[in-house]
Structure formats: C-alpha cells, structure tokens
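Labels for the chains are A, B, C and D, by order of writing; each one numbers its residues from 1.
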Amino acid sequence: MESLSPKKIRILVTGGTFDKEYDEITGKLFFKDTHIQEMLKLGRCGLTIDIRTLMMIDSLDMTDSDRKLILEQCQACPDEAIVITHGTDTMENTARVLGPVIQSKTVVLTGAMIPYKFGSSDGLFNLGSALAFAQALPHGVYVAMNGKFFHWSKVTKDRASGTFREV
Amino acid sequence: MESLSPKKIRILVTGGTFDKEYDEITGKLFFKDTHIQEMLKLGRCGLTIDIRTLMMIDSLDMTDSDRKLILEQCQACPDEAIVITHGTDTMENTARVLGPVIQSKTVVLTGAMIPYKFGSSDGLFNLGSALAFAQALPHGVYVAMNGKFFHWSKVTKDRASGTFREV
Amino acid sequence: MESLSPKKIRILVTGGTFDKEYDEITGKLFFKDTHIQEMLKLGRCGLTIDIRTLMMIDSLDMTDSDRKLILEQCQACPDEAIVITHGTDTMENTARVLGPVIQSKTVVLTGAMIPYKFGSSDGLFNLGSALAFAQALPHGVYVAMNGKFFHWSKVTKDRASGTFREV
Amino acid sequence: MESLSPKKIRILVTGGTFDKEYDEITGKLFFKDTHIQEMLKLGRCGLTIDIRTLMMIDSLDMTDSDRKLILEQCQACPDEAIVITHGTDTMENTARVLGPVIQSKTVVLTGAMIPYKFGSSDGLFNLGSALAFAQALPHGVYVAMNGKFFHWSKVTKDRASGTFREV
C-alpha cells in the first residue's frame, strides 16, 4: 500500500472558476492570483506540493496550444502525481488531450462551480478529493468533480445541471 | 479501474470538532446536528451516500463500548466504502480497534481541527479527501488528515502541531 | 432622546451589488431574491422592519421612471424612517431626486461594493450603519457608505477608489 | 446637520465575544488580538478612527477597577465620539458606570453574540450601527445591539433570548 503514496505532488494551475475574483470597482469577474496556496493552508495540507501557474484563463478561452503546453508540463514533470486546476467547461477536452499520451503518471483534473473567494465554493472539497485521487488511483488521466472520479475517456459535463457524469 | 469505484459510500458520524457549534446564549461549544449533509451539498457531491449518526461526542469522551459500536456498524454495513467522521484526539485509537478486524472494506477516518461552522475550517477539504480515499484505496483501515492517508497501524497525532504523522 | 427612535423602519429594495449572485451554470452575475432578511437575521436585528422589493436591478440600468417609483414609495410610506438599498453607481442620482421633495422623513440610501453572498462583503456593515442613521439623523435624505453619512446635496462616488466623499 | 458629524472616532477595545477565537490545538476559545481593524477594512470604513485596546477579557471577568479604567479613558479622550467593544453579559453594568459621568461626549457600547471569526457573526452589523450611532446621537451613553440603541439608564440583556431590551 505504501508504494501508492507519491513523495511529491505537482499542481498545475490554469485558472478557471476556482480562481475567479470579483472586481469591486468594475463589478466584473476577473483573474488575479491563484488561491491554491491559501486553500492548502486552510486544509492544513501536509503534503509536499510544488505549484506551477501555467496560465490564468477561463477554460472557454483555452486554445490547442494552451493544451499542448499543459501536456508538455505533465510530461516534463518528475513527479508521478499531478493535479491540474481547470475551468469546468472544457475540462473533458484537456483530459482527452492528455489521456492517450500520459501513461506512467496519475493526473487528476479538477475545478469548481463557484469561485473559492465567494464563500460557498465547492473548490476546497474538490481540491481535497483531487489530491487524494492523485495519490491513490492507478496511473492514468482522470477528472475529479462532485466527489467522484472519471476516466478521461468516459467523462462529460452536463451543462444543464453543472455536474459531471460518465458517458 | 472501474472496479475500484464503490456503488455507495456509508458515512458514520461520531461527532468531533467537525460538528461543534458555538452556543451564543452560553458562550460554550456544543454539539447539535451533524453538518455532513450541508458539507456534501456545498461540495456538489454526486456520490450515493448513506449517513448514519452513531453518536455526537468529543473523541476524548469516547469509551471502549462506543468503539465497539463503531466496529459493529462497520461490520454490519453492506457497503464496501466507509467514511467515519471522528474527533482528532483519539482517532488513532479507534483506527486501531477497527484495523485488525475489518478486512474486506475500505474504512477511512477523518475529522477537522476547526469546526465546520467557524468559516476557516479544514473540514470540507478533509471530507473531500476522505471520500476520495474511500473510493480509491485498497481494502483496509486508514486515517485521512492533512491531505494525506495513513495506515491504521502507523499513525499518530502530533498534539503540539495538531497534525498527523506516520510512526 | 426617545422621540428620535422611530417605531418602525421601512426598507425599500432596489437591487444593486448588495443582492447580486453568481450563477454557477452560466458563470454570470445575476439577481434572484434580496438577501436583506438573511442579513437582518445574521445581525440579530430586533427592529420592527417592513421590507418592500421595488425592483432588482443594477443601478446603471435605473431609469427616471424607476426613480419616480422610489420617490412615490417614500412619499406613500407611513413610516418616518426609510432605508433604500441601491447600486452604488447612481446612488447619488436617486438621492438628488428624493432630496428636494422628502422633508418630514429620514431616508438613508446604502449599498455594497461586494455582493453579500461573496463572503467578504461590506454589505452587513453598511446595513447596520444605514439602519442606525435612519433612526438617529434628523429628517432629510442621506447616503450611508464607508461608515459615513452624506447629505444628498453633497455626495459623490469616487469611481477610481470605489468610495464616497463629500463634494 | 454637518455639526453632528465628529471629526474622529475613538474605539476602545475591551474584548468580549467579538474577539474570541478558537484554538485548534486545545479546542478552547481564547483571546488573541482584536479583529476591529480587519472588520473596518471589510466594511470599507472611511472614517478617521483611533483604536485603543484597553483589555482583552470576557465581560464576566470585568472588575470595578477595569470599569474605572474604561471611564478614565473616555474622560481623557479628546474625541467626542467613542465606541466601546464589550462582552454582552455585563455591558449594561459598564454603561451604568459611564452614564452618570460622561456628559459632553457620545459613547456607544456594542458587542457580538457570535465571534467575528466564526463566519455567522452579528459583529460587523453591530460595529456598523455603533459607529453610526456614535456620529448621529446626542451626547450621552448608549448601548447599540440588535440594530437598536438604548439609553444607559434603561437597558438590560435578556439572557434567555440573548437580545437587549428597554427596561
């Protein structure tokens, strides 16, 4: 069992609702810095974690070249366990870019329906579950949302309900 | 991989800091009802979960017969995945009662350092990770705290720092 | 002194940032219901209060006929103390419609820079101060923001800083 | 009207539920530092305020000599508007020490039923109302709780309901 537990976890930050904030001057939502460190602190997280911010974008704006960058970062990462924070709208698309290529690592994509800063966020719950899945699932690429994990080849977001399900 | 994912998860509630509240009339901390349902809703949890409240106590007040009840409930439970919410002070003691007996289920004990209702709680993070570990770890009894999982035979709470570590 | 304290306070709700919510399906901000009742409960408010929702709009969308409606409601209201929740962007415009007409009541406009539901809102602070000013200030029309009160004829929002100041 | 608005407000901090925190190591409530600055920042307060921490105690532990100190600080204070944060249990006792002596200042005592750090606190609402009453009420000593103000000679806390009422 102990062999399942990775020494270190890499978190790749790409933005998404997770990190959206409310600009009180303009009244608009925007991205500033990631809240991942703050969330890990709130969770009293004791894991050895290395955080890299790759981009801070809405996943609807994510391009093929952005996904290529994410893939390259997963491949270059020396750690076997990777969590990617990502907008939920195109999370499945990125998973399908990574899935066929990443074989010898456990990569878990997660996100949030409500920004972390807005009080009633699912973000902390999702981050906790994603970090756990990254430690305990076999190598492969997964989406972790709604307390569940989904294999990259079998997941879709139901846009009407805002929840993920198997396909 | 799909074989790892249990159909249903049982949550056994025993109280602990997780569920402490502040009584504004007396100025004391007390237990009323569990907040697990509210936390699962906040996490937009889509898992099929069955919650049973066994007791609502501070784990420093937990007796041998309380632990016997928890063990019996784990044994009687038809579900293969069980999460137990528990005070952190004696979580390792309960784990050591369950560990040698429970063989064909994955049981994960978790708790919180700060009450869920107090805003800055680690509870939601811990609940997310415990539910994930209960789905993805091999059969056995574990403690999930600080983003990590610990085998029941090798865990202790460091009381000075309030964090769990391997022994 | 007791003569200063009104028997009942009317709250007129017009929307504004106060009541904006985040739609987790569309990722947009929107208005649903007012949070005033919830805020009064959180503040353990014991005042006798009558809440009327006149509209739920961004104050940038407020028309002359909307302001006419607000004025008529203030005039028709039997209570001497009135609090109006309002978007901050055009709060001073509405105040200048009410100010020259309302003579024998204390009307206090207030709002928020951050939606109440977003955790770090100034809304509860502003509501507390507006209700207090409505009880304790002489008849007239005022804006209550940033802990201060401003006469309707001398107030403007500094859009760069998002704070109100005397002119 | 403008003559009512004081140039500067003094806040005297004495502790009380307002400033209680949860010690996650011991599981007990305790006092560390005051949260008044943080609350004023959250409220985007633009008033000129001078904060003095006189003591950090539960008001049940407040002695005659503590109340003498509070009185002396009110007398020595050059500002005409003073807010005192205070435990609710003996707030009326302190008010009755100050009331007969303080004539040419507006002193407002306020507190909270729930600690500010616990998320669902009435503290921000009460602080907003106390600062407003301190600006707008005639000279005298008052208690501001539940959105209301009470003259020092006519206030009591109903311990069963945790609310203040006129006597």
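One rule holds for everything that comes next: a residue touches a chain if its C-beta (ideal position, glycine included) is under 8 Å from a C-beta of that chain, and two chains touch if they have at least 3 such contacts.
Quick caveat: nothing in here was measured; it's all calculated off a predicted structure.
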| item | value |
| --- | --- |
| Reference interface A-C: repeating pair among B-D, C-D or A-B with over half of contacts shared | B-D |
| Maximum centroid distance from chain A, chain identifier (CA atoms) | D |
| Separation of chain A from chain D, taking each centre as the mean of its C-alpha atoms, in whole Å | 45 |
| Centre-to-centre distance between chain B and chain A (centres being mean Cα positions), rounded to whole Å | 25 |
| Distance between the centres, which are taken as Cα means, of chain D and chain B, whole angstrom | 40 |
| Set of chain B residues in contact with two or more other chains | 113, 120, 162 |
| Interchain pairs in contact, sorted by label | A-B, A-C, B-D, C-D |
| Of all residues in chain D, those that touch chain C in their complex | 1-2, 4-5, 39-40, 42-47, 113, 120-122, 124-133, 135-138, 140, 144-149, 151, 162-165 |
| Chain B residues within the chain D interface of the complex | 17, 22, 24-25, 27, 29, 58, 113-115, 117-120, 159-162 |
